[in-house]
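Just so it is clear, A, B, C and D label the chains in written order, and each chain counts residues from 1 on its own.
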Amino acid sequence: MEDVVIRTVETPKVTLRDPILVEGLPGVGNVGKLAADYLKDQLPAKPLATIYSKFFPPQVYVSEEGVIRLVSNDLYYWKSPTQAARDILVLGGDYQGISPEGQYEITERVLDYCHARGVREVFTLAGFAQGRVVEEPRVLGAATNAERVAEMKKFGVVFSRNDPGGGLIGASGLFLGLGRLFDMEGVCLMGETSGYFVDPRSAEAVLEVLCKILRIEIDFSALKAKAQEIDRIAQKIHEAEQRSGEAAPASERPRDDLGYIG
Amino acid sequence: MEDVVIRTVETPKVTLRDPILVEGLPGVGNVGKLAADYLKDQLPAKPLATIYSKFFPPQVYVSEEGVIRLVSNDLYYWKSPTQAARDILVLGGDYQGISPEGQYEITERVLDYCHARGVREVFTLAGFAQGRVVEEPRVLGAATNAERVAEMKKFGVVFSRNDPGGGLIGASGLFLGLGRLFDMEGVCLMGETSGYFVDPRSAEAVLEVLCKILRIEIDFSALKAKAQEIDRIAQKIHEAEQRSGEAAPASERPRDDLGYIG
Amino acid sequence: MEDVVIRTVETPKVTLRDPILVEGLPGVGNVGKLAADYLKDQLPAKPLATIYSKFFPPQVYVSEEGVIRLVSNDLYYWKSPTQAARDILVLGGDYQGISPEGQYEITERVLDYCHARGVREVFTLAGFAQGRVVEEPRVLGAATNAERVAEMKKFGVVFSRNDPGGGLIGASGLFLGLGRLFDMEGVCLMGETSGYFVDPRSAEAVLEVLCKILRIEIDFSALKAKAQEIDRIAQKIHEAEQRSGEAAPASERPRDDLGYIG
Amino acid sequence: MEDVVIRTVETPKVTLRDPILVEGLPGVGNVGKLAADYLKDQLPAKPLATIYSKFFPPQVYVSEEGVIRLVSNDLYYWKSPTQAARDILVLGGDYQGISPEGQYEITERVLDYCHARGVREVFTLAGFAQGRVVEEPRVLGAATNAERVAEMKKFGVVFSRNDPGGGLIGASGLFLGLGRLFDMEGVCLMGETSGYFVDPRSAEAVLEVLCKILRIEIDFSALKAKAQEIDRIAQKIHEAEQRSGEAAPASERPRDDLGYIG
């Protein structure tokens, strides 16, 4: 079979105006995926194409109704209501490619598909693991060129000399790196996160910056509620531990610097 | 070499009438393979094609007579004796593809081959590991669409909200998931099983449901005998353990909830 | 690059008369490789082709003179001096393919090359690990068809109902299994061996049977000398251990049933 | 995507005069990479082509300014100022291919590209791990043919009967081994090194020999300074350990024979 199979699910007539690709796949703290999925729901964006690949796990998900769905990545499109503004493609999905080779193959095919649709600009969303609790997550950045870096700084994006030290591994970096071979420019926005939990608060921080950059407005209340719910759960676990005097064995507890949560 | 090599072993004149594909390959409790092999023997179905692949292990089996056979998957066909009824293809074999990529490649090629033969409907047979002894195995289901789910419920197939939680991994899921890309509909029938033993009783439960759905009748006595034989062996092990007072070290014993067997 | 690169090193005019392929690559006790290399040297056979592949390790060997050589498999040919007899191809080499997929690719390409040269019959040589010292190694067999099995029994080849139980894994099985897809017949000859040491005695047993089958005569004295040398080394280690009273830590010693050697 | 993507970054008019390829990629003691990078800077050589591949990690590096760059190998060219002398290509990079198959694919593509540019001679630079501190690193050699070996000996290159015993694994060997399939001749120069540290002193030894062979002169002062700096760091660690009486746990310390450093 083809390494990557892209099935366009839209009616063939959709034309996009200078579209921007926003990528958010599973990764550190699931920050990128949370942000991209939330953006897609709030715009709301409509299905454009489904991406299957032999570089994903050989797996189907089963819905609560018992209906199966092959694991995939998915592209959604949003037509800007104002003539002057640009359209948006959102890429989300179940998995990143499960081998280095698969990462390259899938990213290249999706970029090729998007390039044919007119995409010349990419924003990738990700989490940046700090290894400690982050109460007010900053948004770190990396970009394809110096002009972009300067521009991003105006939006409060932090460019740190040493972070990320080892570079970016996975889809968020690769969409920018391979994107340059398609003459695309782009930015990676990384929300600080502990790295131990799914982190909707970090996703919110990333998305707030992105919306300012793209000059779109979305309702953040559902994402804020999700963040508060996770806080409540963490608080309960914390209290239960305190009551029981002796907490769970150390090996099962989060690290000490996560004390207020775990 | 080609990733997947399919050798048709029939005389070229076999034409199939609206055939249904039934898949059962090695997996949890070997339920799917036991069921498919038994169905093939009882119909009986004749050899249609042999599937070789570099995604199987580089291995040959040696018969008791000393004759080798390269590991493979195998398709058998059964012509319905009544004009009104549909023909059946049964897929069994030694292995599933041994890498995620191989799973996709083999499944896609077999589906392509079957599609060219007229297959539009697939039943995949599998075991569902409960992690505990299952005395009266239910048959759980998953399907490609809601109509199928409703139809299956009439045959006693159980669609559980939470099972299987993580979806289906391997051939039984993939034949349905990729099958949709060939416009095939289908159902996965999963027999409950402990997950620790080969389980002919679960295979029987799956096959009884399948036969009702396909409106075919087969003799279950040999499969029932096999299930009883396994029960007898388990009972003997259990008694031997009791006599020896102290059984094997815990690490070598089945879990506690398998007590009556182990 | 091509998965497998075959460079013919002979002058192009060599034509072979109904040639037989004899394969012996590294494996259990190195029996197959020892036998094939020895046969090649004794016939003597001349270089026919070198096989390179990305499925071998990315490695070169360096000769004592400092000259490098990329790891490979190698085909040698021997023209029978009598008009009535058949020519022989010998396949030896540094490695088997290092992945299952690589095993298939390399075997298929070599078979394809040999088929084009007229090969319709294959003998594969291997060791059969018994997990205990074998003083008088028998030669076990497996073949592509029942006639071959009957024929081999006349030469003293043992066809055991239960050995090899799990079939043959690797080149020796695959050359027969894939060979059938090229309409080749063949036999695997397996010399019994402990599985813990390089075993020239087992290689000799295999080669003696093969020479009878192929009706060729070679001088076995060098191979016998090699076997005796290994016996002497083993004996010295044994004596040294006895003198020191307490031998090496158990983890470093061969198993107990190898006591007379280790 | 293509397995290996080579983007020529020069203006298309560069023609090379009988160019020699010098390869130095990350490996033992990083000797090869240090030497190649230093040579490139000192000549100085200009960018010729960038090599991307799905056999590298899916990773981008981020500069101190926040600008990303996809991991790659890189070819630089140097035009000799004297009409009589030969031009040089230098290959450096972030990684070797991360799988055996990838090593072959990348090496073959780069050789093919260089062959088309007129390269018929290759020097590969590497470290040779001695497992002990090496105060005066010798330069060991291996070559594609006996004439080269003889020639290299005149430059003080050591050809040791037993080193490297297991041959060369990775790019430095493969560029020579596959190079022969392109009718290229070549030499591998290996600087002795402990194998535990990045070793600029060994890189210097290798580079001094190479410069004599290629009859080029470069300034070694920056490389010498780097070697001294590493010595100073090692010395400080050593003194700190002595003061604290009991050093770090054994598992964290270099081996005993590195005592004067660690």
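Note that in this section a contact is a pair of C-beta atoms (placed from the backbone, for glycine too) under 8 Å apart; a residue touches a chain by one contact, two chains touch by 3 or more.
Please read all numbers here as calculations on a predicted model, not as lab measurements.
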If a chain touches chain B and chain C alike, it appears here:
none
Is the contact between copies chain A and chain D built from the same residues on both sides or from different ones, judged by whether over half of the numbers are shared?
different
Copies chain C and chain D - rotation angle from C-alpha fit, nearest 5 degrees
90
Measuring centre to centre with CA averages, how many angstrom lie between chain C and chain D?
38
In whole angstrom, how far does the Cα centroid of chain A sit from the Cα centroid of chain D?
38
Gap in Å, rounded to a whole number, between the CA centres of chain C and chain A
54
Mind pulling the chain D residues that touch 2 or more other chains?
none
Using the touch rule from the top of the page, what pairs of chains touch, sorted by label?
A-B, A-D, B-C, C-D
Which residues, counting only chain A, touch chain B once they are in their complex?
1, 5, 7, 52-62, 64-71, 98, 102
Over in the complex, which chain C residues touch chain B? Could you list them?
97, 100-101, 103-105, 107-109, 141-146, 149, 159, 161, 164, 167-171, 173-174, 176-178, 180-181, 188
